[in-house]
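The next block holds one structure in the form of structure tokens; read it before the comments.
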Amino acid sequence: MRLLLINGPNLNNIGIREPEIYGNIGFSDYFDNLKQEFSGHSLDYFHSHSESAIAGKLHESQSDFDGVVLNAGAYSHTSVLLRDAVAAVSVPVVMVHISNVYSREKFRNQNIIAPVCKGIITGFGVDSYRLAILSLIR
Amino acid sequence: MRLLLINGPNLNNIGIREPEIYGNIGFSDYFDNLKQEFSGHSLDYFHSHSESAIAGKLHESQSDFDGVVLNAGAYSHTSVLLRDAVAAVSVPVVMVHISNVYSREKFRNQNIIAPVCKGIITGFGVDSYRLAILSLIR
Amino acid sequence: MRLLLINGPNLNNIGIREPEIYGNIGFSDYFDNLKQEFSGHSLDYFHSHSESAIAGKLHESQSDFDGVVLNAGAYSHTSVLLRDAVAAVSVPVVMVHISNVYSREKFRNQNIIAPVCKGIITGFGVDSYRLAILSLIR
Amino acid sequence: MRLLLINGPNLNNIGIREPEIYGNIGFSDYFDNLKQEFSGHSLDYFHSHSESAIAGKLHESQSDFDGVVLNAGAYSHTSVLLRDAVAAVSVPVVMVHISNVYSREKFRNQNIIAPVCKGIITGFGVDSYRLAILSLIR
Amino acid sequence: MRLLLINGPNLNNIGIREPEIYGNIGFSDYFDNLKQEFSGHSLDYFHSHSESAIAGKLHESQSDFDGVVLNAGAYSHTSVLLRDAVAAVSVPVVMVHISNVYSREKFRNQNIIAPVCKGIITGFGVDSYRLAILSLIR
Amino acid sequence: MRLLLINGPNLNNIGIREPEIYGNIGFSDYFDNLKQEFSGHSLDYFHSHSESAIAGKLHESQSDFDGVVLNAGAYSHTSVLLRDAVAAVSVPVVMVHISNVYSREKFRNQNIIAPVCKGIITGFGVDSYRLAILSLIR
Amino acid sequence: MRLLLINGPNLNNIGIREPEIYGNIGFSDYFDNLKQEFSGHSLDYFHSHSESAIAGKLHESQSDFDGVVLNAGAYSHTSVLLRDAVAAVSVPVVMVHISNVYSREKFRNQNIIAPVCKGIITGFGVDSYRLAILSLIR
Amino acid sequence: MRLLLINGPNLNNIGIREPEIYGNIGFSDYFDNLKQEFSGHSLDYFHSHSESAIAGKLHESQSDFDGVVLNAGAYSHTSVLLRDAVAAVSVPVVMVHISNVYSREKFRNQNIIAPVCKGIITGFGVDSYRLAILSLIR
Amino acid sequence: MRLLLINGPNLNNIGIREPEIYGNIGFSDYFDNLKQEFSGHSLDYFHSHSESAIAGKLHESQSDFDGVVLNAGAYSHTSVLLRDAVAAVSVPVVMVHISNVYSREKFRNQNIIAPVCKGIITGFGVDSYRLAILSLIR
Amino acid sequence: MRLLLINGPNLNNIGIREPEIYGNIGFSDYFDNLKQEFSGHSLDYFHSHSESAIAGKLHESQSDFDGVVLNAGAYSHTSVLLRDAVAAVSVPVVMVHISNVYSREKFRNQNIIAPVCKGIITGFGVDSYRLAILSLIR
Amino acid sequence: MRLLLINGPNLNNIGIREPEIYGNIGFSDYFDNLKQEFSGHSLDYFHSHSESAIAGKLHESQSDFDGVVLNAGAYSHTSVLLRDAVAAVSVPVVMVHISNVYSREKFRNQNIIAPVCKGIITGFGVDSYRLAILSLIR
Amino acid sequence: MRLLLINGPNLNNIGIREPEIYGNIGFSDYFDNLKQEFSGHSLDYFHSHSESAIAGKLHESQSDFDGVVLNAGAYSHTSVLLRDAVAAVSVPVVMVHISNVYSREKFRNQNIIAPVCKGIITGFGVDSYRLAILSLIR
């Protein structure tokens, strides 16, 4: 299975900022581990702060991938654009949140993109990515 | 690992009502499959329509289990009691939703119990249970 | 026709508390009168303060009854659980309110169960039960 | 008993638009059937799209009728005027809705006139009228 | 005076969970102390996680007690049922909160049962029970 | 113990306006009774309609008193100033309401000062003052 | 001065329904008294239940009158149409309410037409009309 | 094509009140120009302040016209009745607003009728009518 | 009749700040004119920026006056205290607003004191005072 | 006239995704048809998923174009930035929506950019573009 | 330049309560430092807990000062009165907040006085005063 | 001190569009003046319409700058992304608004980024930038 993992805004330096969560390895090392664990599948990675760049990537993903793991970060709570993009593409999209967004500020309780996703995984730290992949390759 | 799977109200006859999702096997057969897949762990099952019975079970679970998978059904959206129960016990609780609650009625967007759970898995059909177990035995 | 009449919480002593409405007969006498009036049909009665017990009864009712008259009392305004239970069963459910809930506290204007009922009868005192039966045996 | 049945706005061509509900008979035929069923009582009919005409009819009804069956249609959700009119007259008014307004658009959940009615019957199709008459002639 | 003290959901193990508040004695020891302090009165105790069981106990309490001290826990914020039960019984009910609910989550600011209670005592730790008894035996 | 009892706006003539509650004695007589009942402690009294005068008194109270009983009257529902004043002083403040504010106008359900008080006593008539003193001298 | 007094819906039988307020004279007698009191001015009267008829009258009033006294009844709280009509005409319009609308149902607190009126007189019983006339002939 | 142009309340004297927008010609002259411009089609005109009259006209329009241009004026923001009428008829209805309602009072942002219209044209002055006709004769 | 006219906060320099409304005379001259016009009655004047001073004056007014004209200025929209004060005194209080508060900021639409006043006069400039006096001496 | 047509996010593949609406031609063919129909004018096209790129284009458009047709897609409901951009430029901007946004999700009822546009055309499918051009070249 | 610095309620003992912010000097010492730093200007100081006293001072300030620095404390969030006072005076008023009110309780996000101030400086500790003075003497 | 001044969307041509505020010099000239005034510090400038570009710049700024002055323009009211970016970086960020956002549209009262800024300066025209720099170099 060809899978794409998308990290949205402010998710560029996970593992540098929060070593107590990930041990001493950064996200790229973590991603390498995921690749090894799921070596029977192909895993690609895309990161952008930009709402429009992520939307563009989602449109492209239709022809190139069988599943998308999307951590939309702050856009989860505000972006009608990404909702429309997810709804427009035929590839299944699984949304992940690293933290438990329900126990944070009230505006993070609202999730605009979730209604059009295949499923949502929330609050398991970086392990959320692994669970999302497991849900797609089932 | 000793795990407890709790099904809340109106979740007694999954697999009978919706064969198109589970194939021709009912929930008890599905649960047997889970037991086989996770044969290195012990899996118990508890079902009740009753808010107080579930709360009581959660209180008991502290001494008997290492993790709880909770599908609180309708109580997810209304029960301050179960929120307090989950917060009171030390065992980690993972909440699951079979359907994508975000794409249903607006009152199902509110989740009162989620802020005190370890994590939340939403919308993967019965596979949500399997992912929740995977998250706990990690 | 086999009909089940369910009285929810705090509806156990109608007729004792409010003699000015029912004359000197209690609800059981009133229910006997209903049985006589509809002697060509079978009428059963179930009362519980418990949300889960009522939900359980609704699930059972599918095989045993052709129609249910439900006075959910306070649960009408709060219970997502009973809404889901009514939606899950195939037997038609008619909701009744003894008092005109619209002219009472604002939180009694909200009715969570009504959208999935066959019909709603509100404000005719105990005569609401009789009208509900009439609507079902039509 | 002298009864008046009032149909409000957009209720002029019931039975023409929705034959699957009423069979092949229109509302006037249905009304004739009601007259036969309740031949011991007098039944009058009034239809208007106009809020003020209905209010005027309600004011007149006091001297001429013993009970009113009111299907206020869209005015149920917006008309303070008709609420005041129902409250001003001494004749009992029973409100009916043909459809289950609770399961439709959110603005149809609000009912401004209901608090001052004798009772409300909702969702039984045209049979709502018959039940309303039954409630009045009791 | 015959008094009944009711503890609602998640209030079963006070004194075990929070020793810093109660010293080394559990709630049963605390209750024994209350009994000694108010030895001229009879004190009974009832605990349940169940909304309906508490409602049932309130209905029974009318004939057996002269006053009720009710800590409804989470139900304080959600239960129309218990509000109706308290309103239905003639025995005076004093509501207590151990913690200052006003300084916690916003949904704990809402108190549905309070409007029909004799009085409310909030935030004095377990001493709230003692003050409630003092208010009743006055 | 040195205690200060503060009565806020419109609380100047309790006992004159509502004899059916206090018998034929006015508040000053009632206060004399309190002094006798708690003769082992010193009780002072301060009354003002003025938000700023009460705030000033609270600031002064820190050095002169061991506890404050505050009936803030209408300011309970509107005064951020008094909330800040209570939060700023180190002396414990117990808030009292004579009437059950929950059963009155909706704007009296909001309590801005309560979150920073030691405790709140509501609805016991003038006996609320006595209970508040009892809670402080414990 | 040529003045027009408009009574809106449900205001047709003032004086008949509420003799305790107006003594034994009906509105027409009251209006005759007004005419006498302001005999130096011409007073016309218009009553309608109909929003559109009142709007039409307001449009006409421009050429025929120097001031309008408008009791819009229930329309005060709902009618954007009458607001637009009052805003469209150049003749000054004074709004009156017989009762104190602020102390009634919450939906009567909203006044859609008031922002475009010359002034508003509320709560003086029928004397509101006299004060409105006094404000116009100043 | 047979087209009907409906002007709702307070739209009777466009062109007289606002010459700076329409030049020196009134609406009837403007309408004559429209007739000339679309001489291959038949154009009828209907104006009423009355909600019910417009509803009645919409019901009739089904048999007589192929399209309706509706400027509902103030009713756009309040009328459930006209929404139901537009939804009930099979003829396509295009809604127009002369002014940009979005930049006016907040209550003009709400449009109750729009969801059931074929399309909406807003803010082009009287040219809105011409564009609506162009959209229908396409 | 002994009347008291109270001007609340920021109403100290009417007539100085807005000469285009009052001509060249200040409020004291205007008040002198009122005294002359109503020479058969006694008129007193009280001005304060202070909520508590106005409340105190209202309490005193009971024994000294037969009616109060209250322009509470900004307090009209915020003061529960003054509402309680007006409700507590037996003397009739007529509220006046110089400007049309409905056409100003949204927070000036809320009027907390009005529900307990005898009547409210809004928007007639300083003439509002004269109309209020006329309503009281009737 | 020099016109610019801007398509915002997720509007890149109209005509491919929804052939039942546009026939078998894609948007570029449709745009070619528009160019032919309005051959006396120059038409340019700009598409971007990016809020900032569209804002930049709007700033540039001032010197190069006489009118802009803007389909802002999802940004219509969320973008204060584009509102400010449209307000900042002197060139007239006409907003278009292909679908009837009023009949879709509630969050699409809010339109942040519309108040500063020349006009809005909603719900005519791709014909909305043609009508917008017609409105500009008038 | 003659400047007035006003400290509102609960701001009397800054520097005593929070030494970690201001070092070991109290507000009066801090104010002396400001006077030295801005020795070319005159600086006056006024402190009051009282809303009306501050309003009175603002009215007086017109003739005596060229600028006002206002820390309204809790009144910032509640006082329509001070808003009206600031709007009424011609002297420029700069509002300051010592703390970042945006990161505190939600009710501190509302600022009623700010819309009529010259500018607002928020969150710089006591340095906010110095920045406010710098903005005025520019 | 190394300082970075960031101008967000639609802030590219300040000084060209509004000469009455800045005199005849554009923003670049103004920025040159700032550089001269603060010649002991280094000042850099970054402008972008793009939310993601600004976020990227903020992430970079950590290593290169000692303080950031951020005018986020429209993003102040909508961008959770920029809030998260400001919270993620260790460099202090001072937010500025040129205009008094409190006195403009209601949606500009909401400030999503402010809670995580060091301080906020609002409404002093371009002088806001100078004050922000003064606050940072203190």
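A, B, C, D, E, F, G, H, I, J, K and L label the chains in the order they appear, each numbered from 1.
As a working rule, a residue touches a chain if its C-beta (ideal position, glycine included) is under 8 Å from a C-beta of that chain, and two chains touch if they have at least 3 such contacts.
For clarity, every value in this text was computed on a predicted model and none was experimentally measured.
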Set of chains adjacent to subunit F and to subunit L: K
Shared interface partners, meaning chains that touch subunit I and subunit J: none
Where subunit E and subunit L are represented by their mean Cα positions, the distance between them in whole Å: 55
Interchain centroid distance [CA atoms averaged], subunit C/subunit K, Å: 63
Subunit E residues counted as touching two or more neighbouring chains: 50-51, 53, 78
Pairwise chain contacts, counting only pairs that touch as defined: A-B, A-J, A-L, B-C, B-E, C-D, C-E, D-G, D-H, E-F, F-I, F-K, G-H, G-I, H-J, I-K, J-L, K-L
Touching residues (chain side subunit D, partner subunit G) in the complex: 50-53, 55-56, 59, 78-81, 83-85, 88, 112
Contact footprint of subunit D on subunit C as seen in their complex: 100, 102-103, 109, 111, 114-124, 127-128, 131, 134-135, 138
Sites on subunit E touched by subunit B in the complex: 9-10, 12-13, 17, 48-51, 53, 73-75, 77-78, 107-108
